[in-house]
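Going in written order, the chains are labelled A, B and C, and every chain counts its residues from 1.
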Amino acid sequence: MLNYLLLLLAFFMMALLVFVPGFIELRRPKDPGPIDIDMDRDIDERYFSKAYKKYLKASMHKTSADQLSTDGGSTIISGESFNDVVLSMHRGPEVVKMSDGDVHLSSGTDFNQPIVVAGEMTIDDECTLLGEINVDKDLKTGFDNRLIAAHAGNIFLGSDNSVSGWVDAERLLSIEEGCEIEGRATAGERIMINGNGLFKALAAPQISIGVDEGEFSNRLDFSETLWSTDLDRIIIENFDEKPLSDIGRMLEQSTGKIVAYNDVLLRANALGLSKDPLIALEKKQRPSYFESNKMWLQCGETFRVKGNVKIPADERLAGNMIIEGDLKASAGVYFEGSIHVGGSATFGSGTVVEGSLVCQGELLIGNNCYIEECVYSSNDIKIKAGTSVGKDSLGGVAGEKKVMMERFTTVQGKIYGEDGIEIRSTV
Amino acid sequence: MEPVVTHMVIGLFFSFIMAIFLVFNAEWIWGIQKEVVQALLTFANVEFQIEKLPFNDLRNGIPAFYKPGGDVFNVPIKYMSLSPVLAILSIAVLSLFGFFSYRLKSVPLPFKVLILFLLTLVISTILYTTFVSPIPPHAIGRLAIDWQFSGIIIWLLLVVIFTFSIFPVKGPLWVKFMWLGLALSYSFIWNSVRLSVVLGSLYYLGSSVFLLTHYLTGIYIDFIYIVGFYSLALAHLARIETSEVGW
Amino acid sequence: MVIVGIIMAIIFFVMSMYSLRHYIFYWNRLFGNQKGSIQDLAGYYLPSVTVILPMKNEEAVAATILERLTVMDYPKDNGHFEVIAINDNSTDKTGEIINSYASSHSYINAIHRDKGGRGKGDALKAGTELAKNDIILVFDADYQPTKACVKRLVAPFCDPEIGLVMGRVVPINTTQSLMTRLLDLERSGGYQVDQQARFNLNLIPQYGGTVGGIKRSVLKRIGGWNTIMLAEDTDVTIRTYLNGWKIAYVNIAECYEESVVNWKERRHQLTRWAVGHNQCLLNHSGAIVRNPILTVTQKIDGLLLMGVYIVPVLMLAGLVLSIITYFFGSYWWWLLFSALLFTVAYNNVGNFAAFNEIGISVMLDKRGRIIWLLPWSLFNFFANIWLCTGAFLRSLVIHSQDVTMQAVGVEKTGVRWAKTDKRGHSKSRGRRVK
């Protein structure tokens, strides 16, 4: 029996052995947590350049005044004299070339250390600079240069420049034809892109592609229906009996302007004619182009439509729209709210969206459209010439695949494409 | 995190190979394990006989079609039951024990639940053997233990679990195979010891431990060490992936 | 025995559904397309926000959350961002702390309640009535949001389909006990894998009652916070989906929380969650099945979400029935059922997440040795069986009381505030703030 008990003990020991690693971790924790969260990290598109500047500044504080002066040794690059300063950077100690005045690098210069310039910097053509560039004033480049990263007060990138990292300007970033920036391109005030190019992310209060400097015009031009007791009475008396189109006509006669058919529905809801959060709309409550679809009004502010939808030209729709299928909106359609499209979406020229546009499929926005807030797609986004997105420096375009834009488009805020941003003559 | 599809495909291929290997070599594997179990039973002074029955292939591992087959361990079992008075007294004592265990604040909740579960098994066994029959509710033939209880089938499950849980994770293939090998080896030893413990328990403690052995040493309890090896394998892969964290 | 067999088959079927669900989530997180919930535009869509902070006896943590909100990077001028801190009949210094912040920050409003229903739901209701802005965010008092948390949480609301958002909860006091370490694992699996996968697959991620928000217009229209339910967050989740809205899960909107530290606190917390979920299941399952907008997979996921605390009960029922089968049924039936029962049970180890979900979450969070604790979550498994069974019985009693009261025309009363005591932990590796 004793030996049997030993065997039994061995079995229990084997079972308990499984818990031993956990016990070791409990007694001597090597991964106790919590998960490290940077509590003070903000959303800042200019994060990389600011972080780099921060390291530079901190390192320069630590470095002695002697080392920062001309006595610390110097290098001549392309005829320009730089002081060699060893700074303790995020990568470890490295030699940084510093200049107190203006710098001009002639064509064909190859250099691979960070450069810090207190004045202006001009880089001619076909240079390869594989260290970060930090310029206090303006940075101008010629054509066909290769850079790693650059920060300056204003940056003027010539044609066919390629940057493998980030580019950040305190004020203006101007980019000529044929440039390629693999990291973030950001500016404190404005980005101007003057030709085709390939990017990953662009962020600035104003981003203009192919337009001259000037004010962006607010393309919003609408007049809201001013509801009154008389108008409300028309709705209350007729809502249960007449189709929306008839009520809309009665209101038009009263007000002298077109009232969006679903604006009537929203107003009816606001008047408490139906309190349910989800209302299935009958045929008479839908316009003709929604007749074959199932449609609901959600919480008195959003319309949900099942199936594919085609909206004829110059229609006006109040409220937000959720379209579960594909959407094809002809020219001049005016959406008074935001739109969510479950499939792909095509918007004809002159479309206005007074909110955001979110699409699960491919998205094509025609010429001269206006989207007041954001554009987002899980697929490719194509934006044709003349379209503008965003208002008051807020807004943006983001796609989980590629974003393709023609020239003469403007965005306030940010443009981001997971698979890149392509500026083209035509999409 | 990028999944490593190629490793998973290799794992799938290995699962297939393992399945073929088990189908055609179960008898041989059981032969080795049988020797180990024999040695352990001899060490534990358990009387046993080995009966040679025709070997059933892997399909008969499925419970619905179970029939003892191959070399089978037969162990003499005492059928034990208490007198009704003693049974009721025992149940009362056990119930009181259960009640006080539950009320004691120093006993953590999971252990309270475990104790209650064990007591349920013991009490139901006492009730059955005292008031229904001292013979466990299944035929004598079911007391034979053969290769189908040996854990050979669990090897296939182990390989499949590793294929879908560990192999797609980023990391070197050799680490994954190393931990799979260790898990299979541990499984072999575990199953050998488990079989010996079950036979020994039935021999020394009789029919009273039937239910307990089925629930406490059944094949599903293997998940304890499967999760254990899974966690060790994953921790190793995590260490390689992020060498600065927690080491 | 046939009846037992049928019941066992149903139990096995339901538990298998949960196991399959865990594997689907695990696979999706590993191989599937990960939705970013419009975070690329975070900071570029800034609707007006009201943050509601319900507090009852939270003097240990009140100052921390209020301080975090004062440094929150969000435009605060012209009422665009307001904080409604609600002192719900506290007996400690919570009221004084709230008042001091309200007096020095114009966008923080201090509300002191000493009348009305007592419960988080009632406090939220009171706060919502005073809210003026478009989006309502809720934080529990012991939470510590990051500076960018609000910007990240509100970004998905630019999508008109999104009615609710939920961020990620990260335990801060992980070193306090074995319980906190196990819950660290569990939360990791539950949010990093489970919630994210549900969002990726267009299923139903859950609003957890904190680190999340809702459109004020939607909340008003769907009937506001339910003060009767113990899990008003799950209730709002389901009602939101029933009315056509969706939830966006924002994995990157992280916020520290204090986990419960011992079994006593865990018991209260889990019982509250379980009863609340069961109440939702009893109240909403029919509506979910009949809903014309939800897809079939969403309906199934909704039912599984609400029934998640029934799984341990089924486990217990299965165990009992398997013992009966052992004694009175045929051997192979018993072997089949018990083997299957335990197999699917182990796939559901832990409260929400299967062991492989937890494993992958550890890798995604770039953690290491904590995964060695995974076998210890077996103890949670046993405790869950007991607690959830008790909660299930309690929820049946509550439901039958509600039905009776409804039948005789008596208004249902809310539940008492059931809260966990907070100790106040800083970010410094979970050390307690003195």
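In this text, contacts are C-beta pairs under 8 Å (C-beta built on N, C-alpha and C of every residue); 3 or more make two chains touch, one makes a residue touch a chain.
Treat the numbers as computed from the prediction; the structure is a model and nothing was measured.
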Between A-B and A-C, the pair joined by more C-beta contacts: A-C
Farthest chain (mean CA position) relative to chain C: B
Per-chain Cα centre nearest the global Cα centre, belonging to chain: C
Centre-of-Cα separation between chain C and chain B, whole angstrom: 36
Whole-Å separation of chain centres (CA-atom averages), chain A against chain C: 31
Chain A and chain B, separation of their C-alpha mean positions in angstrom: 56
Where chain B touches two or more other chains, by residue: 221, 224, 227-228, 231-232, 235, 245-247
Set of chain A residues in contact with two or more other chains: 18-19, 21-22, 30-31
Multi-chain contact sites of chain C, meaning residues that touch two or more partners: 367-370, 372-375
Chain C residues touching chain B - in the complex, by the definition given at the top: 23, 30-31, 263, 266-267, 319, 323, 326-328, 331-332, 335-336, 338-339, 342-343, 346, 349, 355-356, 359-360, 362-364, 366-375, 378-383, 385-387
Complex interface listing, chain B residues touching chain A: 40, 43-46, 189-190, 193-194, 196-197, 200-201, 203-204, 217, 221, 224-225, 227-228, 231-232, 235, 245-247
In the complex, chain A residues that touch chain C: 18-19, 21-22, 24-26, 29-35, 37-43, 277-278, 280, 294, 296, 298-302, 304, 320-322, 337-340, 355-356, 358, 373-374, 376, 378, 390, 394-396, 398, 400, 413-414, 416, 418
Chain B-touching residues of chain A, taken from the complex the two chains share: 1, 3-4, 6-8, 10-11, 14-15, 17-19, 21-22, 30-31
Complex contacts: residues of chain B adjacent to chain C: 1, 3, 63-64, 66, 108-114, 116-117, 120-121, 124, 128, 132, 137-139, 142, 164-165, 168-170, 211, 214-215, 218-221, 223-224, 227-228, 230-232, 234-235, 237-239, 241-242, 245-247
